[in-house]
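Questions regarding the structure given below will be posed in turn.
The chains carry the letters A, B and C, assigned in the order they are written, with residues numbered from 1 in each.
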Amino acid sequence: MPSLTLADLQAHLGGTIRGNAGVRLDGAASLEQATTGQLGFLLHRKYLDQARASAAGALIVPESLNDPLPQACLAVANPHAAFARALALLHPEPRSAPGIHPAASVATDCVIDASARIAPGCVVETGARIGARCVIGPNCVIGADALLGEDCHLHAHVTVQHGSVIGNRVVLHPGCVIGSDGFGLAREKGPAGDRWIKVPQVGRAILGDDVEVGANTTIDRGALDDTVIEDGAKLDNLIQIAHNCRIGHHTAVAACVGIAGSTRIGAWCQIGGAAMIIGHLEIADRVTISAGTFVAKDIKEPGVYTSVQPLMRHADWLRNASRLRHLDDLARRIKTLEKQIAGKPAPT
Amino acid sequence: MPSLTLADLQAHLGGTIRGNAGVRLDGAASLEQATTGQLGFLLHRKYLDQARASAAGALIVPESLNDPLPQACLAVANPHAAFARALALLHPEPRSAPGIHPAASVATDCVIDASARIAPGCVVETGARIGARCVIGPNCVIGADALLGEDCHLHAHVTVQHGSVIGNRVVLHPGCVIGSDGFGLAREKGPAGDRWIKVPQVGRAILGDDVEVGANTTIDRGALDDTVIEDGAKLDNLIQIAHNCRIGHHTAVAACVGIAGSTRIGAWCQIGGAAMIIGHLEIADRVTISAGTFVAKDIKEPGVYTSVQPLMRHADWLRNASRLRHLDDLARRIKTLEKQIAGKPAPT
Amino acid sequence: MPSLTLADLQAHLGGTIRGNAGVRLDGAASLEQATTGQLGFLLHRKYLDQARASAAGALIVPESLNDPLPQACLAVANPHAAFARALALLHPEPRSAPGIHPAASVATDCVIDASARIAPGCVVETGARIGARCVIGPNCVIGADALLGEDCHLHAHVTVQHGSVIGNRVVLHPGCVIGSDGFGLAREKGPAGDRWIKVPQVGRAILGDDVEVGANTTIDRGALDDTVIEDGAKLDNLIQIAHNCRIGHHTAVAACVGIAGSTRIGAWCQIGGAAMIIGHLEIADRVTISAGTFVAKDIKEPGVYTSVQPLMRHADWLRNASRLRHLDDLARRIKTLEKQIAGKPAPT
């Protein structure tokens, strides 16, 4: 790992140094775990006590923070972003040597930039194109005629199906699948009764620039038109994006979310973990869906939307849940009571 | 892509041509995206305006539709199925050359039909058998003694564990896992306190003919008996099928569904996305489970079943959800009120 | 498969034989499927009729069971654990020959015990260490500087990302991903508007001894500190464990569960399938979360906790669910009625 002074970090990140600009740092850690050679960070005053107790050699802090701290500090307008950049400087990703590893299988007509890295076990099929400085990790499969831009990083075991279009600076985590067939079935009478026949999925999966896709997430290709993940959208692990969805730019989707076919989600949305969104919906820009929420209708206004059950001790849940089956009946009985009361003289 | 006339399509699909039978088509697209050389389709009168505005060169329409359309039309009894078949004609899957790629690792005692294709990076273990015209995509792993029928298509990164039995015309999408161990644990006192010991999973996963399994879906082998997916069942992405489940023929399961151990689901069921079904249940034939629904008891009658919370603005949810913890109390208070009212003379 | 007498099993498992100790067994099966050469088991008296009707050659039964049975029996204190051990004896895993398959790609500076097995298609990156008797299945990827203990079994297509630390006797099922990046984003103003920048994930994923991880499950590395799965924890398929989680020793997590970042779960917990737990929570030891439950607050006491909706016919659900949006209003109306009634003379 590199060794940098706080002044070196300031040269990259801007901000104001308070204290010893020459303190040497060779890594970053949490306030609790940091040692004297490490950088920590403080996002909020509520962590002041932890910061004071921390052995970190230096801290990134908000410029609005005026409280004295024992460590050298770099005060910046956006400490979260500055710390992210400091981490990238202190823990740089190892550079892979460019070139196609001899244990990769690459079709002869692929166009692979000389600065790209194709790791062992990769299979790159006919007509695929891979841009400058891409790193394709071990055992990835790039299908026929797939197109990858520049500076993409595919981790191990990624599948990019035929004809997919991937922008620049896209990060695909292990086991994710881009461009798999959507779930398209037509019902038909056959000689031995009804049966499903497969509707061929001939659209593409298109990922914009700066998209990130988590481990084992699946993004289906379009049925006829394309599935589109716009620039800067970020998807966590184990997410399902069905055919013909469109995810707006800079929308962030947490893990275990499912989005059914042809749903369009706006820009700068935040979809909480395990939320489930049915098909053919329109979700406006800047909508936040709470974790665990089930969305079955369009959302036309920005805001926070929720539909989860509160947690209870199981015995309490048993008592309460059975009432849910009779909620309509309860509501009618209240109405009857109100009518009965209203028919009487007012209480004295 | 092939170029076909509408008359060529009629020769394969049946139906009646209205308009120019000689219009040439070299692909298919949605009504919005289609160009003059492309085929579109119309399932329902409600899309008539879109159809009239479409640049598509020809349309597949229901034979019951009598409205005039500017395009040449092929009128058929089942337009969805006809369009699926037309897509397969206009967008045929590229044929892979048969044979075992030199970058595959195949145990010497496997029986692989000469017409099958084994892509680079595949590992086929001892005793496996692969039938005629199968296409095994890049980096698949076929375990010892696994048996694949004819005309199967395994996409990239599929795992078929040892001893699994796969029928004919089965399609397995990238990253799916067939025959992984079920979650079987026995608790035991050890020298240093209690511990879990693994219950070996010695059953098989058996997939019938015409089964389709989505990307990154997992189907566990049986614990003692087998896990069975019957003929024509269709599974979408990121589904979990636990040990000893049986999924009935032609049942369709949407993405993100989990089905716990030993549950048996009937034929022609439709399980909505993200539904969760606990173990040891029996679900009858022709049951529809709504998306997001939690099933914790047997379902003995066909029909539609649901258990989801309606979406609310978060502020409304906060007000309402806290009442759920006291629903039983509310019901009791209604009963008390009813008794109090009943004890009085009827309103006049 | 080996052939053992009931006396042979007793020698390994202890217990008392009732009936013919010499009965030969060459496998195990369920009561319904077992044939005369197979062992069955009976956990509870309620299966007595099935046991009597079973063709099994011998049974493992609880020592507390005194009912006569037609089969030879081995009576033990813990029949579930004894049957698990008997299965391992009757269905032993095939031993893989040690050594690195020539179709694996192993960096020259890896330290791989001579008794370990590296299957074809594996990629082991620089600095990785793999302990004695490990079996690394086909097409696995072991990242740089990852450390595996002894007697681990990685099935096909497992990804262990760089720097991960895996204990002894760990079992990783196909497609699982250990040590992928967590979902860390910082928002920043860029020249063309706001954007997300990636927060580098520099912690590790650490798995203790005897951990089991199911197919296509994902365990993210820590952001700064580590993600930790303690000794003896068992994870089923398609689970998401986010960055900086800690899962306590011997906790069992069923399939399709999501646990968001920095949540700490105690020891000997049982998390039901498809439960979802938000981030930054503390769950005490010996907590049971019901299947499908959403957890959004700390749980400080052992016990069973639940938050699911009961299943209804769809028509009933429609009537009841709309009332949920007005539950707060219903509760207020009950209170009003109570006040009105209280203002009157008590019923006579």
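Following the convention adopted for this analysis, a contact is a pair of C-beta atoms (placed from the backbone, for glycine too) under 8 Å apart; a residue touches a chain by one contact, two chains touch by 3 or more.
The structure presented is a predicted model; accordingly, all values stated were derived computationally and were not measured.
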Revision key, fill the gap. Residue numbers at the subunit A-subunit B contact, same meaning over half shared and different meaning under half, come out as different
Practice item. For the sequence-identical pair subunit B and subunit C, determine the rotation angle of the Cα superposition and round it to the nearest 5 degrees. Key: 120
Check your understanding: What is the distance in Å between the mean C-alpha positions of subunit A and subunit B?
Key -> 24
Study note, to complete from the structure: Touching at least 2 other chains, the residues of subunit A are 121, 139, 157, 175, 216, 238, 256, 308-310, 312, 322, 324, 326-327, 330, 334, 337, 341, 344
Check your understanding: Okay, in this complex, where on subunit B does subunit C touch?
Key -> 105, 121, 123, 125, 139, 141, 143-144, 157, 159, 161, 175, 177, 180-181, 183-189, 194-200, 202, 216, 218, 220, 224-225, 238, 240, 242, 256, 258, 260, 276, 278, 290, 293-297, 299, 303-310, 312, 316, 319-320, 322-324, 326-327, 330, 333-334, 337, 339-344
**Study point:** subunit B-facing residues of subunit C, complex
**Key:** 27-30, 32-33, 78, 80-81, 83-85, 87-88, 91, 93-94, 101, 103, 119-121, 137-139, 155-157, 171, 173-175, 210, 212, 214-216, 232, 234, 236-238, 250, 252, 254-256, 268, 273-274, 291-292, 308-314, 317-318, 321-322, 324-328, 330-331, 334, 337-338, 341, 344, 347-348
